[in-house]
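As structure tokens, here come the structures.
Each of the two complexes below includes chain A, the first together with chain B, the second together with chain C.
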Partner chain A sequence: MSDLRSRRTFVRGAGAVAGGALLAGGLPSLRLRADAAETIKVGFISPRSGPLAGFGEGDPYVLELVRKTLGKGLTVGGKTYAVEILDRDTQSDPARASTLAKDLINGSGIDVMLTTSTPETVNPVSDACEAAGVPCVGTIVPWEAWYFGRGAKPGQPSPYKWTYCFSFGVKQFFDQFVPEWHGIETNKKVAVLYPNDADGNAIRAHLIPDLQKAGYTVIDPGGYEDGTSDFSAQIARFKAEKCEIFNTFPLPPDFATFWRQATQQGYTKMVKIAQIAKTGLFPSGVESLGSLGDRLLSGFYWHKEFPYKSTLTGVTPHELADGYEHATGKQWQQQLGASMSLFDVGFAALKSSADPKKKADVAKALSTLKTQSMVGKVDFTSGPVPNVSPTILVSTQWIKAKPGSKFAYDNVIVNNVTDPKVPVNAKIVPYNS
Partner chain B sequence: MTPAAAVTVHRWNRASIVTMTALGLLVLVLAFGPAIFGATLTDRMTTLFAYVILAAMWNALAGYAGLVSVGQQAFFGLGAYAAVKLSHGGVEVYLALVLAPLIVGVLSLPLSSFALRLRGGEFAIGMWVFAELMHLLVNLDGLVQGETGTSLIALSSFGPDARRAFNYWVALAVMLALVAAVFFLLRSRTGAAIQAIRDSEEAAASIGVRVMATKRLIFVLAATGCAAAGAITLSTLTTFQPKTYFSVQWTAYMIFMTLVGGLGTFEGPIVGAVIFFIVETVFGAQGVWYLIGLGAAALLFSLFLPRGIWGVLTDRFGIALLPVGYRLRFADATKRTES
Partner chain C sequence: MWFDQILQGVLLGGYYALLACGLSFMFGVMRIVNLAHGSIAVLSAFVVLSIAEAFHISPFLALVVALPIMAAAGWLLQVTILERSLRSGSLTPLLSTFGLAVVLDNAMFQKFGANTHSLDIGDLAFASWNVTPDIAIGQLALLTFVVAVALLGGLQLFLSRTPLGRAIRATSEDPDTAELVGIDSRRAYAAAAAIAIATVAIAGTFLAMRATFDPYTGPTQLIFAFEAVVIGGTGSLWGTLIGGIALGVAQNIGSQISPQGFLIAGHAVFFVVLAARFFIAGRDPRTLIRALRRAPA
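Our next item is the complex of A and B:
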């Protein structure tokens, strides 16, 4: 009796479980076939929650502008297509980024993928697209970490057929440093704090020799692991050597840790130039440092003083920054322009393709794409490596906002060596003076 | 009492025969998965197979050998890393995915001598420390470049469909092999020893069970299994970033699956893996709330249903679908007991 009943219970239970699994996995694929004909589907993957949430903060606003522009559809070769943008949040998790990418590719049948912000997002999404043969454009990931960090080898042909990246790289950082540092008199001793990751190692290999050639003495205590919580040894070394210039390429939380410890241990008061990169990107992060954030120098990949309009939406930098502040009450931030530029580039590729519904055509259009975008020129035909177009970085300084401002800090451009068209609107000020 | 002659010892009963046949058929159907399922489902099923492996391995450790580890991500990460390393060294990529866990298994042998000296909480934390250490060592490899990581680029030589199908078959085959290994281990003489150790290590030792050797066997099996799950996950994700693979979240998932499914039962972890897989698919987009929900569920299960879903079902209905244990059947067929 009992055996019979248990068997039935099991079968019923197993049926429910299997049914659930089938439903869960199968539903998205049913949904996609319904309206595939004349709609171009665009995937957009970015981190909007978790440790990288600062990057995705402005994405809902940018998406709103883009969707408004594309409400009438997109005309390619005389034919008008409806456009659907499927935006997803990675929760700052690379494994989730990959799963989301595969769901958009297989489940929703997207025609092109757009993705932005950090190797943790762009690399797994690009890998998923490369694997599935879906054209993909990524941005805001140092291009070396995107190209070499996914297994490509220097000097060998590009292993990527479907994925492209336009972003600043290590070279853009060091292009700006030397001219910028000349603006302030120092003892020319540079303390460098570079982590043991692709960016840290690339900058160590390329920037340090360049700095030495330019007459600087470089004090490098060696690579630390991302997530280090005690920097006493490095700080003691920098203090002993009296380094008046400080440069780092950390993950943002590591910089906050370092800078607080360096202040407690009396290093920061001898610093004249605090040049940070990859961090100090967003007002929220600098505000969280309190008064320690004042006069930090950071590289910006977009600024509201950039002279370039969005080619897709026609929005100007000031309209974008002011519109965002008006809509959200938050201070403008550089990812707004970068996310917008991603749509500029993605849709430029769709428009120049022979058939935007054919993935091979879109990938071909990408391979020869030359276009303007909100971050400036993007050209995939002449990069330092295939599939890559470097974009500009400008040196900026965080300055305490004028009395009466809604926000704690202003960000001003102090150097434009990588693109003279960007206006310089302030003179560099020493960190301690 | 019933006279001794009226009691018979059974491994198999009707339910377990039916289940084994059904499972055989299910495996047969699953083998044709890539042809039947769509792309999404094939891909997701590959992930499910990795989850089943993880749950079964953690259960073998904690549920049977009494070894609660919070550092199994060490082997998960090493499995993926070994696959990247082998493939980079010129080994054919799918061969690398299969060889990697075996290499990690061999490496876990010397580790077991140190790790198994630790008891209870010490072992748990010791394994975590080991996982962090492995993470840092892997970061030092120039191929991986710290947290930036690298990708299993050799997979690009296969087209999307072929690659999806291969990933699926490798995962299915490895999962079946490992689950079968646990199954036959539990049915064997060692299985009885393992369950004796689970119930009381001292008592088992006192009646002549070779505690250390038995624990070591489970430890190495679990290390190999977790490494296999890591390699399978790498084959579906392609991207190897050390932080992702050496994250303690993998062990948290293992604990969730095992606790919810039923610790110390053979079927429980498999049920737990399927539940976790469904929950993740449905609620994964909720972000932080999803993780809070997972934690809360694991907590509630350990407080109120410590034997998990499968444990409750077995207690309520006396189900034993898989012939792992021995059962006594009395002549009147109403009383039964299990060992």
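Our next item is the complex of A and C:
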């Protein structure tokens, strides 16, 4: 089956190459005439249905804004190109993400690929682009999972020529957690509930040693399997150790199960800091916890209080958030800004390239790209590893919305240590007080 | 410590048994492995949620309203899909319910979006009674357990004591012979499907109160329900309760040994029971299938 498919892809790819060569070599006059309306094709792959659908919920709105801006085309080096954005939904399936990427590359002949949200999306799409020699920018994937997870080795030159990633990583979590936790007096005992999956193990390996060095006692009962429906053993352990700080990186449904059970069994009464990640990213997940969602702490990669506007569309964070709420009736969420920043960065690379229709030129532009975007500065020349530009995470807290609000919870920024330009608009409150 | 783990495991088992009830009933009576079970449970949760939000009533009251709706849906399911697919062999219902699951998941996504939901039952979601300072029994967990026992017991009584129950059992044994003694086997099956889907609605409601759900939660819930049914002996309702408890206790003991042991211990019990039945059945696949299909006790 896979043999057949790969052969078919190869044949199709070879056909496209041969056809392209014919066109370029055999029909020069036709190509010249077509110049006036040359089109830049941009692929955009994100999860919009399936378990990761929360991430892609705002994408149609972002795409609408981007398409409106690009309606009159994109001018690069004095020449105006029409722009076509081909957006695809992975249905939260990594295999489908890979297939879609290959289809866009071989079938639609895209010039650049943009992709976002979780390793399950960004990694397979990046791999397909790397293999085919198509420039690709990804975001919202912990950069360690993207860079090392695809086979790069620490200390060795980057194996990637075509693919780039700007995103927070494990290091940004640490940078954010410790100053934030200093805001509340605790016994410095951290209960960690990390699953036995790609994210959980990366966090366990990198974050726990750093926390211990920073003077915290870490109680780690070990990785649980995703889909565990009873956490009595872990809860008993955390209770016995009297951990006042709690940190977790679970799948959202597992957290709901854990947190309710932990409340039933009396653990959450002793928690002062409840720091959740990977869950509690979006308002609906926190709302579904009912009153237990109040005062949970989360790291946000974008917030409507960020001071940066979109360089491509010129939209400000408030305009984006309010526009989305107005258009959909749903509460704003952080992926809006992240998806928008992906277009900011992708089009900044196209604009700064010598020829946006030449893939090598676009990749070269990416390798030296320094630009502003909706999530802040992106700079591929000075990352911790090549091809990567880390972005910020700010500490935020979910608090009950003021009476009269349309929504159940508000999200406020309580610490900005990773980027002082982001305004802090509330003081951290202990989970129990 | 161990006592607490076992106690919580038993309560968890009640939840599994409740999840598995409809699956067990459908397999026992109609010989259908309903792969859309999890998705139908999530659908019921959405129905209950919609009713509760539209009329501002408690989810329990909304469940009472939803029960006849889901029972009707079960009837419809039998008449339109299951009956037709049963006619073309025992494999077809497996395929058609699998397809139904995919259709339901994506239809729910279209209708309700990707957001996570939960049924709002206020403090009941996390309230508990302290037995000792170290051991707490969740009120919802206990309620789930009681409902599971009542539901499974009620169904058992219904099957053995009522005329409709007897008709369903007779049809299950041999539809043609049942027709000879004046039972309308189509009606009996349709009634059984309606009852089964109504129990799935109860399971879905408790699922939605215990944790959160979204349109794609269904398939992950199916596996525990399926294991509970197989451990308890497919088709036996009390067996399903015992199977659920065995699964829950095994998982909690496994997780006490190592957090990774939670799922593994459950799967191990499932496998051991399956292998033991296979061994007892004399290593003949045909008798194995017969052993799995023990009729309702």
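Following the convention adopted for this analysis, the second predicted complex is superposed on the first by the 395 of 433 C-alpha atoms of A that agree within 3 Å, B and C clash if a C-alpha of one lies under 4 Å from a C-alpha of the other, contacts with A are read in each partner's own complex, and residues count from 1 in each chain.
The definition used in the following text is that contacts are C-beta pairs under 8 Å (C-beta built on N, C-alpha and C of every residue); 3 or more make two chains touch, one makes a residue touch a chain.
The structure presented is a predicted model; accordingly, all values stated were derived computationally and were not measured.
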Exercise. Is A:G133 touching the first partner chain B, the second partner chain C, both, or neither of them?
Worked result: first
Exercise. Does the superposition put A:A152 against chain B (first), chain C (second), both, or neither?
Worked result: first
Exercise. Is A:A327 in contact with chain B, with chain C, with both, or with neither (first, second, both, neither)?
Worked result: neither
Exercise. Is A:P119 in contact with chain B, with chain C, with both, or with neither (first, second, both, neither)?
Worked result: first
Exercise. Regarding the shared-chain residue A:A354, is it in contact with chain B (first), chain C (second), both, or neither?
Worked result: neither
Seminar exercise, completed: Per residue count on chain A, the busier partner among chain B and chain C is B
Exercise. Now for A:P94: first (chain B), second (chain C), both, or neither, which partner does it touch?
Worked result: first
For this session: Considering only touches as defined above, state whether A:P253 meets chain B (first), chain C (second), both or neither.
Result: second
For this session: Applying the touch criterion given at the start, work out whether A:A205 contacts chain B, chain C, both or neither, answering first, second, both or neither.
Result: neither
For this session: Identify the partner contact of A:N106: answer first if only chain B is touched, second if only chain C is, both if each is, neither if none is.
Result: first
Exercise. Where on chain A do chain B and chain C both make contact?
Worked result: 49-50, 196, 223, 225
For this session: Within their complex, state which residues of chain A touch chain B.
Result: 2-3, 5-7, 9-10, 17, 20-22, 24-26, 28-29, 49-50, 89, 91, 93-96, 98-99, 102-103, 106-107, 119-120, 123-124, 127-128, 130-133, 145, 148-152, 159, 195-201, 223, 225-226, 251
Exercise. Residues of chain A touching chain C in their complex?
Worked result: 48-51, 53-54, 56-57, 92, 196, 221-225, 227-234, 236, 239, 252-253, 256-257, 260-261, 263-266, 282, 284-285, 288-292
Exercise. What part of chain B is in contact with chain A in the complex they form?
Worked result: 13-15, 18-19, 37-41, 43-45, 47-48, 136, 139-140, 145-153, 155-156, 159-160, 163, 233, 236-239, 241, 243-244, 271, 274-275, 277-278, 281-282, 284-285, 287-288, 313, 317-319, 321
Problem set entry | Of all residues in chain C, those that touch chain A in their complex | 1, 4-5, 8-9, 12, 15, 106, 109, 113-118, 120, 122-123, 125-128, 130, 134, 136, 138-141, 210-214, 216-217, 220, 224, 248, 251-252, 255-256, 258-260, 262-264
